[in-house]
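Here the chain labels run A, B, C, D and E in written order, and each chain numbers its own residues starting at 1.
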């Protein structure tokens, strides 16, 4: 009804439509081109990656095979004892978990600090000088690309064995990884509030503190806590510097095929991950004000 | 017929809308007026069910709008087009796509989800844009438009919905005089010509008086006036806006000798 | 004295502002009028240096504003307060902090960064809020305010900057008549009382005529009128807004018998 | 040859060596040779973690694997249905390597017993020469490392263990040692990471038997025979392929049976016992 | 040259009396101080418990110099072709694995977002599933898929997809929760379904964030040795680990440089892509 009444005469509509098409043509073309490139890449990668869907489907019944092995022998009659047997080293693992949490905490804290300082220099909307951005971005890449093991080995030479080289290596990697993610969060913000503060004569720091942080803090917090969680699980460096931790013990149990130990430690780690995730959620919802919307 | 009964919305302890009741006949052009923060936007958002009422019911014809869910709710929203005070466009999409959003409920899902809009709908959307002189901006990103241009896009979106009821939240706030006229005339035309009910928040009393059949005055969440524009005496209006009796009503009237009234700023607080 | 010479800004091929030149005496109250999309916002944003001019210079006193960088640029922005059309508040911060943003340039960095604002500044911010009747909302998140409330917060922020020049981009678009008066009066007072220059984009010609000493009319990026309000004849104004000669100028004037004018909507396009 | 129909493709898996790089380069000619000999496609897979190889053999989708001695034993204990059929032979004709204990050259320690109350560096809980064999050996000597030493540090890698001694974190460290010409310490010395003269060996373990090659027991006899034939004769049939692997440092493969790995299996069982003991304490 | 203090007439005492709350704020400040103190205390505890000491710094620096010296000049040795091939292989595996993980995670992320699924139970369940997926070590994922498809790149793709699903699901859901509500309301108000609101109101907002996360994981999977190495698909990470193990520092340096260049290219593509979507807007920040 109304729509038909407002319809333009055909020539005029055609003209406008042509105008619109011309306006979006470039974008369209890029989109289509991107899709084609993506499709080609998928096919090529599928060949290179020896993807074999029929094989996957034919054997998919074996998917739970490994998980099946992990199940401890539990019986109703003797449940308490069986569980005690299953978690026989609960105290020891708890201690390891605690140590791991502490190392991961220190590494994450340092890394987050570094990432926080660098991310603003690496984001294109707050840093106009391309060379600073370039340097910051390459530095971050360096930090996350040089393997943690190389850093760890260097630090072992400098500081000796122990937790110190471990968490330094973690911190450097964390800084590189988070710095990039932080920078991209910053690039994605709404610039209106930033304009609002700088129009009042605010400097860089102040506008970051009041216009950028409120927008990005929730994302920063969740990235940082996700990284903390990853650091808790990352066994390789810890084991490498002789700092042990629950991750390396889990690795040993997997490699020695101590199935029930694997599942017991997994449960503890998963529980830790859940706790961290719940904390993240609380914190984020507070920061973005989801709680008081309802 | 739109029936609102005992409608209330709380935000924490604040009652943004408080026990509002009124009936709007089909085909009416109703203005909602009242001071800033009176609850006008909240009222409109409740009717479109974007905010759930804390209490009260909204009925349209035989339908209990407050009880709608799922598909029925979507159908209702299609019938009750909303024009937002802050436009609520998708800044990163182009203007035409923003307007085509008004057609999602009528276009097959596969088309609307993939963005393969029927030509016909594009023509309709472009026509709506052209009504407001911005057909040539169709390919631009919505966030790159000027304030008034964005507002007109938002209105065009509502128009192409082919609604039975238009809920307009200050549709002319960011518009210049010419576009104010263009938009209000357009609303008036579809109201008169197609019998579409219009419920429109307005800040300008003059505009409200000249376009509306009926005015609803709100203050502090309550409906404090409901009647024909002629019934709204200046005294009543002053009351609604909380103005002192010596103050003239319309901002557009001459300011009383500004050069002389230059008191200290501090005094303005209690003016 | 604000001097604008040959100011131009391009967005792609579009010239949003094109070769604008004018001089504004200290203490003037100047309105910028023109149809939507004329380039008014872009002009103000260039003066505050939020958008860089493609060509031309801006001078204030002896200073070449277009050449400022770093600390000098910040100092300039402090002196030229901006009120944004879309408010540009930080939605997730409370209202008081948003207003205190206006003080950052005068408060030591350690204080502002830690949020340990001097008592004095809080008093100033609160009194500014109170001028506009929203002192009680100080603790609310800015994003939870109504449109008009947000606009007033934005104005309060500009006020507490104690600027020498106020650039107001449609400061009253979302305001009801009473608050329109309150805000315009406040602008006028600080203009008259302290000699602060005001440059104000306005959509309402009536308001512009009653408050401004001088009007600058823009259309399609160009300055097409520059003179005292009395010089702006209705014919000239119609020209600026692209209205036909039989159309009255102010939207606020009576709509010519709406009930009778209910033509087909399609005609509105060419109206 | 009947197996070709049911086994059109065989997978040969290998864990990277501890002491050489370019595992892919070195083993590709060998796998090509196998393929030619057997007349079926043989795919080389290099898995960074032997757990993956064990799991793959348990699932039956790795047909032949080159193990380390301990990892073979681990696979066996874990219930993989495999049997060894060929073993590496070192250049001097022995079939194994050793775990040795280093101390600093300028210290007075002569023997493991002198280290009572000192700090010991082990490599990591999973290392054969750096943990399992030393523990096994000490157990045989009647030493309980947890009480005998004041502190046991898992250094994380063979290199770290040496560095630990060098820096004084530990007084002694276990490490792998082939012969006078090749050991981890010598390798680090070549890379300027340590000086060989600074260290002295005060203990050398029994021979740790060399790496075996094992196939699935479920393979058909004809295939097994063909495999044995191909592998045991690679040095003569295709010297180039054989030399690509060992660069002339090793002698040809010889046949082996599970029996030779009984000691290693025993070692593994001992290690598992240790874990249970930990529970008891 | 500041503007006049038009505010001088303000009665401080009266304002203070009217808005006492604005001048207190001590509770938040104490809370903030308490949080900072707790964090520092935890760091202190960690330093103490982990026996961190900087004592050996001096002697070790010499050795570091030896290693770093060994890294120059970076050289591919005789393995250039192998390295390039491995890089290609790694890219293929990381690409497909990341893409598959992202595709699986997308619906999960929507379900885990409180703004999309207000149902507490559904939301809670999905998030815990995601936690579990993340909590399971990559080595275990690898072993699970080796059982199904054997050693090889395909197992690597599946393992990457599985383990990344957990992270993606979480990250996507948070990006979605963070999105501006206004455009979503705009689409809903026209009678659009939840799908429409997601497709047109949400996706344009979150696509840049999600794209950057996917590209980041792609990059991260490219450089990480773990999964691809474990499942016997070779890959650049395997070679890197091998060269570190045999202390060939020149080749380690070469491989690191190779990966750095790859990562920089991915980063460049990532920036381009994101700015094409979000549009570049900068203001000079003083």
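Just so we're on the same page, a residue touches a chain if its C-beta (ideal position, glycine included) is under 8 Å from a C-beta of that chain, and two chains touch if they have at least 3 such contacts.
In this text, all values refer to a predicted model and were calculated from it rather than measured experimentally.
**Student:** Need the graph distance between chain B and chain E over the touch network, please.
**Tutor:** The fewest touching-chain steps linking chain B to chain E number 1.
**Student:** Taking contact as defined at the start, I'd like the list of chains shared as neighbours by chain C and chain E.
**Tutor:** Touching chain C as well as chain E, we find A, B.
**Student:** Find the chain most remote from chain B, comparing centres computed as mean CA coordinates.
**Tutor:** That would be chain D.
**Student:** What whole-number Å value describes the gap between the mean CA coordinates of chain A and chain E?
**Tutor:** Centre separation, chain A to chain E: 3 Å.
**Student:** Any idea how many Å lie between the Cα centroids of chain B and chain C?
**Tutor:** Each chain reduced to its C-alpha mean, chain B and chain C end up 24 Å apart.
**Student:** Would you kindly tell me how far, in whole Å, the mean C-alpha position of chain C lies from that of chain A?
**Tutor:** Taking the mean C-alpha position of each chain, the two centres sit 43 Å apart.
**Student:** Using mean CA coordinates as chain centres, what's the chain B-chain D distance in Å?
**Tutor:** Computed from C-alpha means, the inter-chain centre distance equals 78 Å.
**Student:** Name the residues of chain E that each touch 2 or more other chains.
**Tutor:** Residues 6-7, 10-11, 56, 60, 63, 67, 139, 143, 147, 149, 152, 225-226, 233, 241, 278, 283-284, 286 of chain E touch two or more partner chains.
**Student:** Residues touching two or more other chains, restricted to chain D: which are they?
**Tutor:** Where chain D meets two or more other chains at a single residue, that happens at 49, 51, 55, 59, 157, 159, 163, 167, 193.
**Student:** On chain A, where are the residues touching two or more other chains?
**Tutor:** Those would be 2, 5-8, 62, 65-66, 153, 156-157, 160, 162, 195, 198, 201-203, 243, 251, 254, 288.
**Student:** Using the contact rule from the top, write out all pairs of chains that touch.
**Tutor:** Between chains, contact exists in these pairs: A-B, A-C, A-D, A-E, B-C, B-E, C-E, D-E.
**Student:** Tell me, which parts of chain D touch chain A in their complex?
**Tutor:** Going through chain D, the ones touching chain A are 49-51, 54-55, 59, 74, 77-78, 121, 124-126, 153-157, 159-160, 163-164, 167, 169, 193, 271-272, 275, 278-279.
**Student:** If we count contacts the way the header does, which residues on chain A are in touch with chain E in the complex?
**Tutor:** 30, 41-42, 44-46, 48-52, 55-56, 59-60, 62-63, 65-67, 99, 102-103, 105-106, 109, 124-126, 128, 137-138, 141-142, 144-147, 149-150, 153-154, 156-160, 162-164, 167, 177, 180-181, 184-185, 187-188, 190-191, 194-195, 198, 201-204, 207, 218-219, 222, 226, 229, 233, 235-236, 243, 247, 250-251, 254, 262, 266, 269-270, 272-274, 277, 281, 284-285, 288, 290
**Student:** Can you name the residues of chain C that touch chain B in the complex?
**Tutor:** 11, 33-37, 41, 85-86, 127, 130-131, 134, 144-149, 151-152, 170, 172-182, 184-186, 188-190, 192-193, 203-207, 210-211, 241-243, 247, 249-255, 258-259, 261-265, 268-269, 271
**Student:** What part of chain B is in contact with chain E in the complex they form?
**Tutor:** Chain B reaches chain E through residues 48, 50, 74-79, 81-82, 84, 86-93, 97, 101-105, 109, 112-113, 141, 143-144, 154, 157-158, 161, 264-266.
**Student:** Enumerate the contact residues on chain E facing chain A in the complex.
**Tutor:** 39, 42-43, 45-47, 49-57, 60-61, 63-64, 67-68, 88-89, 91-93, 95-96, 99, 114-115, 127-128, 130-132, 134-137, 139-140, 143-144, 147-149, 152-154, 156-158, 167, 170-171, 174-175, 177-178, 180, 208-209, 212-213, 216, 220, 223, 225-226, 233, 240-241, 244, 252, 256, 259-260, 263-264, 267, 270-271, 274-276, 278, 280-286
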